[in-house]
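Chain nomenclature is as follows: A, B, C and D, assigned in order of appearance, with residue numbering initiated at 1 for each chain independently.
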């Protein structure tokens, strides 16, 4: 059985990684997150929404990305509830999305003494994608008709005076997939309604051009985005709690890259050929 | 010579395309009076007739020479592809569809049926997969090969999950055990819950998380500055890793959030790399992949593909 | 050690395991919950491959494949065949859906040399469908990506955006030029462009690597949280 | 029930590129000499098979995680080449399959390769295995095989998702020579980090042409190059006219609008 130095160096690296992350799970460290400009702009955009307008929390995600989108939704809904901004949960990409949003909002509402119907509402899952969103922007009560509890949405006080996308102060699109363009084209493009974007880490590159062009007001990127938002809310949530372990794992990988290079250059100076070919 | 050959081939495809389109449309629309839901005796007769018809068709084709069979396969491939091509590239409404009530695309209404049919047929082929897996493990148990206990574990897990999955769907509250020793009331749902949430989900999540370990060693090994390429890759990876965690953002947190200097903040540089260079680079790759995919699709569709599956004898 | 029969070894290991479990639960080191224990055993069994491929991993690998097969088995029945096939046929009298079943039987002739043409016909039709979708996919994927690539190289709005757009354009064009196959890239302009393209592609790919680290690490944190806080009660009790 | 349809511009782009590709295929079949540049990863396939034989250890070929699909068919074309080589050297080739239909096709394909090379006795039907149609169970199965068989060379061709790194790092662990090729852009960096040779992006679609030098495929490749050049031209036109104060701005605007689905 060969037990080369490579065999053990790999095991040591893995053990280090387990320790580096595990230690910050067991030992609780108070995490501080630095806030990036896209996250701050999103926070400010929520703060700016006037009292007579509603915020749309567009839950276009499903349980698979709960670790990123779930925490983002939680932070954003917490902000709305805390500041008494009226909001509507909505979704059209995944049937489970609005249901997941509902669970989060129901869990949080008591803490800020808010009630369903007067402070927030859930429009539920609506099919039809682009065409539905286009119609919705024109006529909200006519397109949505019923909320998630199958009651007419006009019966809720929170919906008073909400007719079209012009009465929407901000759309918060939370998603792991390429749904943003629908809102940009059919709502922002026609009515100029501001859009905030919260997406998974891998989707973020798709969002930056929209941010640069001013088509979205802010952006939360994956778990880090959720943590930044929790920092802005001064609330120690799950995302912030994970940050020390995340940081130490990233730091370890960077340290490994440095060590790898040092070893490589030392070996090269001694004239030893690198063990394996180039990975090109 | 070349031009003539080219023209002949084009003509063949044009004619067969037209015929295919008519056949596709005709099958569903001219025969639509036949394809109507039935009940009672008519239903039974229709099923019986379909089976007989099908077997007859198979028997006829089976007797045909290999070259004709091959032609049938090629035609089936062409017609199947033609459906999606016509549906998508013909407009939603056009005067071409003069016989339709609102001149709408006649293929569009079928697209959902075709989608359902494809998923149903794939659903039925799954049993082939289950069968071939069972065959491998069954042989291993029968021959008492080394490690045959693993095959037994496979069967136990397979059968338990299949049975309790069905039980969970149709009658989750069935009580399996009322009272044995210190065990009280076990329902089908509880067993399913343990199989799914306590075994399948953690197994999946854990194997997924093994990636994080492999990522560490891959980074350790791959990001050695052996060449300009490796250096570029490493620097980009460095910024993107640091731009996401407080530690990295702390390095540049003194820079202002607005103004020209803000672009030098760690997270801004990470996002810039992703949003400008990565986006453009991957898009260029995607354009190439799209053209490559189009080429291979065309070759398969028009029976021009060579090798592998396409030149085997029937 | 090697002369000991495998069965005896397994028995001793199991007995030792039982003692650890009993004592662990008795002194509240571990959670006393069957679900958590099962999940913990599965988690540790998979992680054991990090030391090396072993008996336990192999056993759980087979259980995993078995569970997955069972899972597909019942979800295909309850989510595909029941609603999309059984209900139309049996409840709505749509007898013609029987052709879907008959068609799918053609796939089953793979093991027979004589009837292999049936499998070929079925697979051929499906390849035709995927080829058709491939052609359609070319347009649906290309369109939005192409439209989003038209970025003005000079704009009065902000020099930052203009520079970004220029770099975007250069990257896009040079990387595309790297992927030409049918001529020797000898001309200095072509050669230079292809080489620059390859470098920029490496930057792009490195960034993707770095960007994925966070998501993957959070999967690890998730599992470690489970093991350290839920299964091991020592740290879990706050 | 409304579905999206292509507009005239979108249909024209597909038609032009399609016709160019078909024309090049036909003219290549007519005997035109065509060139293809070197693709390093593909040139290494022979070496990888040869080395595995010297070591007396088997080869492993994975065709990706999707079922009957253009990417998998392309992967099978490469698999055919590798199985021919393996048969010539008298080595074992293990193909773990993720889909029953692909499993069946692969079985036939490899068996025929061994027969064609005159070594039907070297073929073992158990080496072509259906593992699982689910992502991570499949990955677990392949990881197990790589470890237990201590494969000397691995080939990962086809469409992969997150399991890419799981497979290739396991191969790295046992010291296999690894060659990977995928059109899945998000997985390329991981193959690049853990494989000896990685075929990037549409080099994957050039592979069968490169390996077989079949006129049809070479012609198709030239057609693809022209197609890419046309797309490049489109990018250049769209970008050059994108600045809002230019009179030609309408061109860029019109193109962008027409290119959007449903536009």
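In the analysis below, a residue touches a chain if its C-beta (ideal position, glycine included) is under 8 Å from a C-beta of that chain, and two chains touch if they have at least 3 such contacts.
The model shown is predicted, which means the values in this text are computed figures rather than measured ones.
*Asks:* Per the definition of touch at the top, where is the C-beta contact count highest among chain pairs?
*Replies:* Ranked by contacting C-beta pairs, first place goes to B-C.
*Asks:* Which chain, with its centre taken as the mean C-alpha position, is closest to the global C-alpha centre?
*Replies:* C
*Asks:* Report the chain whose CA-based centre is farthest from the CA-based centre of subunit B.
*Replies:* A
*Asks:* Taking each chain's centre as the mean of its CA atoms, how far is subunit A from subunit C in angstrom?
*Replies:* Taking the mean C-alpha position of each chain, the two centres sit 22 Å apart.
*Asks:* Between subunit A and subunit B, tell me the centre distance in angstrom, where each centre is the average of that chain's C-alpha atoms.
*Replies:* 27
*Asks:* Can you check how far apart subunit C and subunit D are, centre to centre, with Cα atoms defining each centre and the answer in Å?
*Replies:* The computed centroid separation for subunit C versus subunit D comes out at 17 Å.
*Asks:* Could you state the distance in Å from the CA-based centre of subunit A to that of subunit D?
*Replies:* Distance between chain centres: 34 Å.
*Asks:* Identify all positions of subunit C at which a residue touches two or more other chains, and write them in rising order.
*Replies:* Only 46, 49-50, 58, 61, 64-65, 67-69, 71-72, 107, 110, 116, 123, 126-127, 130-131, 134-135, 138-139, 142, 144, 146, 149, 151, 160, 164, 169, 172-173, 176, 179, 201, 205-206, 208-209, 211-214, 217, 219-220, 222 qualify.
*Asks:* Indicate the residues of subunit B shared as contacts by at least two other chains.
*Replies:* In subunit B, 88-89, 122, 125-126, 128-129, 133, 203, 207-208, 210-213, 215, 217, 219, 221-223, 229-230, 233-234, 237-238, 241, 244-245, 272, 274-276, 278-279, 282, 285-288, 291, 293-294, 296-298, 300, 309, 312 touch at least two other chains.
*Asks:* At least two partner chains per residue is the criterion; list those residues in subunit A.
*Replies:* 10, 14, 17-18, 201-202, 204-205, 209, 212, 222, 224, 246, 249-250, 253, 276, 279-280
*Asks:* Line, ring, star, complete or other: which one describes how these chains touch?
*Replies:* Chain contacts: complete, every pair touches.
*Asks:* Give the list of subunit D residues in touch with subunit A in this complex.
*Replies:* It is residues 2, 40, 173, 186, 192-198, 260, 262 of subunit D that touch subunit A.
*Asks:* Taking the touch rule as given, give the residues of subunit C at its contact with subunit D in the complex, in rising order.
*Replies:* Checking each residue of subunit C against subunit D gives 46, 49, 52-53, 57-58, 61, 64-65, 67-69, 71-72, 107, 110-111, 116, 119, 123, 126-127, 130-131, 134-135, 138-140, 142-144, 146-147, 149-156, 169, 172-173, 176-177, 179-185, 201, 205-206, 208-209, 212.
*Asks:* Taking the complex as given, what residues does subunit A use to touch subunit C?
*Replies:* Spelled out, the residues of subunit A in touch with subunit C are 11, 14, 17-18, 21-22, 25-26, 67-68, 181, 200-202, 204-205, 209, 212-213, 222-224, 242, 245-246, 249-250, 253.
*Asks:* Can you tell me which positions in subunit D touch subunit C when the two form their complex?
*Replies:* Checking each residue of subunit D against subunit C gives 4, 6, 10-11, 13-14, 18, 34-37, 39, 68-70, 73, 100-101, 104-105, 107-108, 131-134, 136-137, 140-141, 143-144, 147-148, 185-186, 188-190, 192-193, 200-203, 206, 218, 221-222, 224-225, 228-229, 231-232, 234-236, 238-245, 252, 255-257, 259-261, 263.
*Asks:* What residues on subunit C touch subunit B, complex-wise?
*Replies:* Where subunit C meets subunit B, its residues are 34-36, 38-39, 42-43, 46-47, 49-50, 58-78, 80-81, 84-85, 92-105, 107-108, 110, 115-118, 120-121, 123-139, 141-142, 145-146, 149, 160, 164, 167-169, 171-173, 175-176, 179, 197-214, 216-217, 219-220, 222-223, 226.
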